[in-house]
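Naming follows writing order (A, B, C and D), and every chain is counted from residue 1.
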Amino acid sequence: ACGSDNKDNAGEKPATGDSGEKGGFSLAMVTDVGGIDDKSFNQSAWKGVKEFGEDQGWEKGTGGYDYLQSTGPEDYTTNLNNLARRDFNLIYGVGFLMEDAIEDIAAQQKDTQFSIIDGEVDAPNVASILFKEQEGGYLAGVAAGLMTKSDKVGFIGGMDNPVIERFEAGFLEGVKAVKPEIKVDSKYVGAFDKAELGKAEAGRMYSSGVDIIFHAAGGTGNGVFSEAKERKQADKDAYVWVIGVDSDQYEEGKVGDDNVTLTSMLKRVDVAVKDIADLSMNGNFPGGETKVYGLQDDGLGLADSRGAIPQDVLDQIDEYAQKIANGEIEVPEFVEKKK
Amino acid sequence: MSNRMINILVPMISIFLGLLVGAIVMLISDYNPITGYMALWNGIFGDSYAIGETIRQISPYLLAGLAVAFAFRTGLFNIGVEGQLIVGWFAAAYVGMAFDLPKIIHLPFALIAAAAAGALWGLVPGILKATLKVHEVIVTIMMNYIALHVVNALIKTLSGGGFKLERIHESASLRSEFLSNLTDYSTLHYGIFVALAMVVVMWFILEKTKTGFELKSVGYNDNAASYAGMSANKNIILAMVISGAFAGLGGAMEALGTFGNMSSMGGFTGIGFDGIAVALLGANTPLGVIFGATLFGSLKYGANNMPNEAGIPVEIVSIIIALVIFFVACGYIIRVGLIRLRNKKEAK
Amino acid sequence: MLDVLYFIIPITIASAAPLIFTAIGGVFSERSGVINIGLEGLMIMGAFIGILFNLFFADTFGAWTPWIALIVAMLVSALFATLHAIASISFRADQVVSGVAINMLGLAVALFSVKMIFGKGQTDFIQQKIPRFNVPFLEDIPVIGPMFFKLVYGSSIMAIAVAFIAWFVIYKTPFGLRLRSVGEHPMAADTMGIKVTKTRYIAVLISGGLAGIGGAVYSQTITNDFGHATINGQGFMALAAMIFGKWHPLGAMGAALFFGFAQALAISSSSITFLEDIPAVYFHIFPYVLTILALAGFLGKAKAPKALGKPYVKGNR
Amino acid sequence: MDYVIEMLDVSKKFGNFYANDHITLQLKKGEIHALLGENGAGKSTLMNVLFGLYQPDGGEIRVRGEHVAITDPNVANDLGIGMVHQHFMLVENLTVTENIILGSEPTKSGMINIKDSAKKVAEISKMYGLDVDPYAKIEDISVGMQQRVEILKTLYRGADILIFDEPTASLTPQEIDELLNIMKKLVAEGKSIILITHKLAEIMNVSDKVTVIRKGKGIGTVITSETNPEELATLMVGRQVTFKTEKGPSHPTEEVLKIENLQVNDYRGVAKLKGLNLSVRRGEIVGIAGIDGNGQSELIEAITGLTKVKSGKIFINDEDVTNKKTRKITETGIGHIPQDRHKHGLILDFSVAYNTALQSYYHEPLSKGGIMNYKVINERAEELIKEYDVRTQGTHELARALSGGNQQKLIIGREILRNPDLLIAALPTRGLDVGAIEFIHRRLIEQRDSGKAVLLITFELDEVMNVSDRIAVIYDGTIVGTVIPQETTEQALGLMMAGHSKDVAEKKVLAAEKDGDEQHVE
């Protein structure tokens, strides 16, 4: 009985047609299972949402900026819907797994704008955001190719899906561009959350002479770092490196005074998020379009190597970056299947 | 206080205790429990949309619970419901997308495919148990992982390197315009009727059929069952197959109702593991499973509204759910307390 | 060939260690008659506490930190296991449900605490990890040395030691005899003046403690931080190892080693040239299939303690 | 007073039901005091109160004159009370020694000192003539040896007041004799014993006094030498009981069961039946006499298809049923009262009604087209309960709640009502009171008189002599001889059970009699 007397307006009010004209603008996002601090794209997306909101002087919450975390795929539609009912103007869904949910909800909540990160949805009120991960991967490959001493480098992927494959494809190209005879040991462990597999795989690679591993494996990557760190700890002169992914993984690489993080390939979801928010607030929401962010748009890049990579190598990497940005080099999206 | 009264009171009190401790946790971490629970309430029953979604969430739990319960009744511990559900999900999604048939054929075909896939996944541990006495708990745990990897690989192959299958055809869908409109565009679908029908099926098999009589006999005392000329082995296999079929149908709920397709899975759905609690909360009876699934589904779904409406982190919600389960499991001690109370009253 | 073994054996042992601790914890609990499907939750708690302690006290204890963290994780997880003990022993709750609740609760409490303490979804990275070292002298033995005694974790040695200690305790001491009798025939034990309830409590607490160590070993050797995915499924694998090992501590150790071995074998063979064209999924499912085959092939029937899962009620037959 | 135990006005309630209703029992030092009562009269309950497993709801307990509260078995142990339970309290996968020392294990530097313990066990066992193998696992030893282990447990703890709850129910005649001798030896050493048994001969043989209880109430205590079995039975049941089962001569006709050269191995591959031949005809009861473990179980399992036959043939009504499925064999007309009623005979968690359907549920009208008809099942169960006098609160009660005797009647009713051509009855009266035994014997004979064949397997000489028309003695997997009860003696039978052929046994008995006569003359 008590529930019906004092209903919370925010939770109750159904989406109405005039939500856009309420004067203000507000935005929110639905995270994947990882939550807003997954050190990956959820975190980066939230960074974008939050910074945008703070820049406008908004509060976290209804009417400002907010997020909802999903505990499983079955929460996507509900969370999107709940946010739409709270009259947020622009709602992001983070991760390609949310494609279908956004498609459904966007069809129902026609007055709300949605944006899908890493996925594509064809609807007038949805803007799709994709990244040219291959371009970032390419730079990581160049860095690895230039820095390897053994001419053996490794790639460890989490699950084998199109996004991760772009990382891999770029990495392979980048390495090849520097020195075609470098061998790349490339493996998918089949999960983003199995650190012990990442560790074992990394152990195998390092033992076989690989000295730099680029991982795109989320929590599985933790295992890659811990293997590298152990080797570094056991032997300070060991030449073992990890290239991190998504955000700057320098912290992960710390081992005493040393660090095994060579650099990290950044995927600037925050940049894209802010860009779309900006466009939307100014009435230029790219509904029905797919925006692909690449090096050119600052959507990708390498993190500060903090001296791990010498300046002359950095200069060379920059050259490649330049070439990609101006279209001189086109990086393939797919791995050329070995015959 | 009659016995029936006590039977009703025990779970009520357990849930209340869970919520009470949850409230204390909220207080300690500086959240207002009243706002929190209001949000939970609204999340479950707040409006027709919430009710629709809650019921939608209950459907797979019902089937997972039935699967676990059915196996338990024959003395088998099926931890493999998770994997059976995943292969069922895949089979339904595949049949839903790959064929184009009239609804009257397509939908049942997809459902049967899911049940068959789940049954197949249950068959393996069943056969190993019956013929080689291999412990079903280990095999079913391993089968879960195998299901996960195999289904992911199949999705990749079938989608030409992608990460999800195409959407199923309308003709295989459990989605319903009618239910959706009724509940303010929720994803409520006809699956709940399938699930409830399976509750009846389980009840019917166990309580009405010869097979059920044999299954229960083997479950309680396999020595006596074989003395009476029943084949313990046949029944073990049968029980795992039926259990797996229920689980597979649980997957069909997701494939044909909630999601309408299947994406590659980063990890387990958790529904299968929760099914263990659902079944045991319901004392492995069909009616009990309805109770367990309703409790689980409501809390699980309603919980989403706590961060949404009251800004309470999801983790607290999980704590509360766990506590409720815990106290419901401890129902015995509450029952003892109530009976003492009654006896004291009667003495006076 | 030898190269492969040099790789496989250390990985086998390292990845088995957390499972060994936890599975042996399970052996204690189940030998006393209490099903412990909550091993996963207990491991989560241990993994979390291990990291937490390590982060906060690394400056105080230096290189000793990870070891003290193991002890603290053990104590906290044992405390956490008390919940399972109270529910399943004193309150006669269904032991499986109670275990499921422990799993849910462990994860929820740990994650919630992480949020409260660190303001984010996972902890920072620890700096004082469980180190690897070369065992003096033994490392020089040809062939065997590099396989078993080079770059080993102290915790792996501990795990194997714990397996033998557990064997000793369960089969050679009065406590072990009582433990086994309580799990087989509690009423008989009761008539001999053994406190069934107390024995079961102790066993469940031991299982909590060992699972806690298992979790903390995992987090301090493999992930180095704690987050929602740190422990996922390890507890269930430990459960499987316990049954695979026929509720015997050395058997459980063997089973855990077998799992690690299957895993390592899959990884190492995935890099063999002539196997390269085989789709990855076969390597991913290989360890699980191998386990099933091993069980079906030659290990046969395992017999659970007779009173497993049955609450003891005085005077009930 | 020299009472070592006094239970005065002791009551024990389960719920609202008085299992013990103001019972008084006084045990003197050095006496064997028998406790007698029907199944479910409350004997075990009373002893469990004394041993601290149950707390009494009223009355007083004194031990050696002192008022005591026996709150748990530890207290009882400390008071020197030891109990040998009706259902053995042994941990099956532990060794004899481990079971004995459990709870008070001697240690050496933290380790159980198994060697010393085993030695001590061996010593005590020698002292009292209780032969056991200290290192054997319980699950591998005979019931008789398990019984001795139970006794050793109490002696090891230095008990001088011993409670035996139906210790002879599952022992062979030889073992029973041994046990009774041991008891006499124990009291001679100054120990005191409370003995529960349904066998009046044992009571007459060893006890000094008998306390009788009926339906939870104490009926009184009598001095053994001043009473006789008939009086005891009447006291116990509350009516006259006939002992010698009345039966007319048998009229056997055609053969129902024929076994030729049967060989069976147990699960370990050890030969258990070594070329056994047997034939049972309509209208006769054939008793299988023998010591436990000579192949009786394998014989039954082979006939009923529960185990694989290695070689040889089994015919039922001339049909070869060797290695057929159990169901198939049962269909040819076999009824089977299994020797372990809890393990094989019943599903304890099923209702009484369900249990009555266990062998016939798949037939019309109990089920039809795969659907059970529980209405018919219930009706039939009601009839069975009435006809076989199964005391239960109703067909919906769980079989678990029935007393052993009533459980047995349920099984017998179920099997006989199927009207089998051959009824196999394995230890059908184990643990039952005289009233129930009489009832069951009558049913077996009725079955014979209606032209059916009965195969009776029992360890009790009395039973096999009274009920059978023909006795086949089994020893080491073969039938060593077949005798007619009226033409033989218990002694001859005993010798045959020890492996002697019929001729040898009869000669020996004759010689012994002559011996005895001659001595008499002197």
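Assorted remarks:
The rule we apply is simple: a contact is a pair of C-beta atoms (placed from the backbone, for glycine too) under 8 Å apart; a residue touches a chain by one contact, two chains touch by 3 or more.
The structure presented is a predicted model; accordingly, all values stated were derived computationally and were not measured.
Seen from the C-alpha centroid of subunit D, the farthest chain centroid is that of A.
Looking at which two chains touch through the most C-beta pairs, you get B-C. Work out the mean CA point of subunit B and of subunit C, and you get 28 Å between them. With centres set at the average Cα position, the gap from subunit B to subunit D is 47 Å. Averaged Cα coordinates give subunit A a centre that lies 34 Å from the centre of subunit B.
Multi-chain contact residues, meaning those touching two or more other chains, do not occur anywhere in subunit D.
In subunit B, 149, 152, 267, 318 are the positions where the chain touches two or more neighbouring chains simultaneously.
Shown for subunit A are the residues in touch with two or more other chains, namely 33, 160, 190, 192-193. Taken together, the chains touch in the following pairs: A-B, A-C, B-C, B-D, C-D. If you check the complex, the residues on subunit C that touch subunit B are 37, 83, 87, 90-94, 96-98, 100-105, 107-109, 111-112, 115-116, 229, 232-233, 236-237, 239-240, 243-244, 279-281, 284-285, 288-289, 291-292, 295-296, 299-302.
Across the interface of their complex, subunit C is touched by residues 33-39, 160, 185, 187-190, 192-197, 199-201, 203-204, 207-208, 218-219, 222-223, 225-226, 229-230, 233-234, 251-252, 254-256, 338 of subunit A.
Against subunit D, in their complex, subunit C makes its touches with residues 168, 172-174, 177-178, 180-181, 184-185, 187-194, 306, 314-315, 317.
The residues of subunit B lying in touch with subunit C in their complex are 29, 77, 79, 124, 128, 132-135, 137-139, 141-143, 145-146, 149-150, 152-153, 267-268, 273-274, 276-277, 280-281, 313, 315-316, 318-319, 321-323, 325-326, 328-333.
By the touch criterion given at the top, residues 48, 51, 53-54, 72-74, 77, 83, 85, 87-94, 98-99, 101-105, 107, 110-112, 153 of subunit D touch subunit C in their complex.
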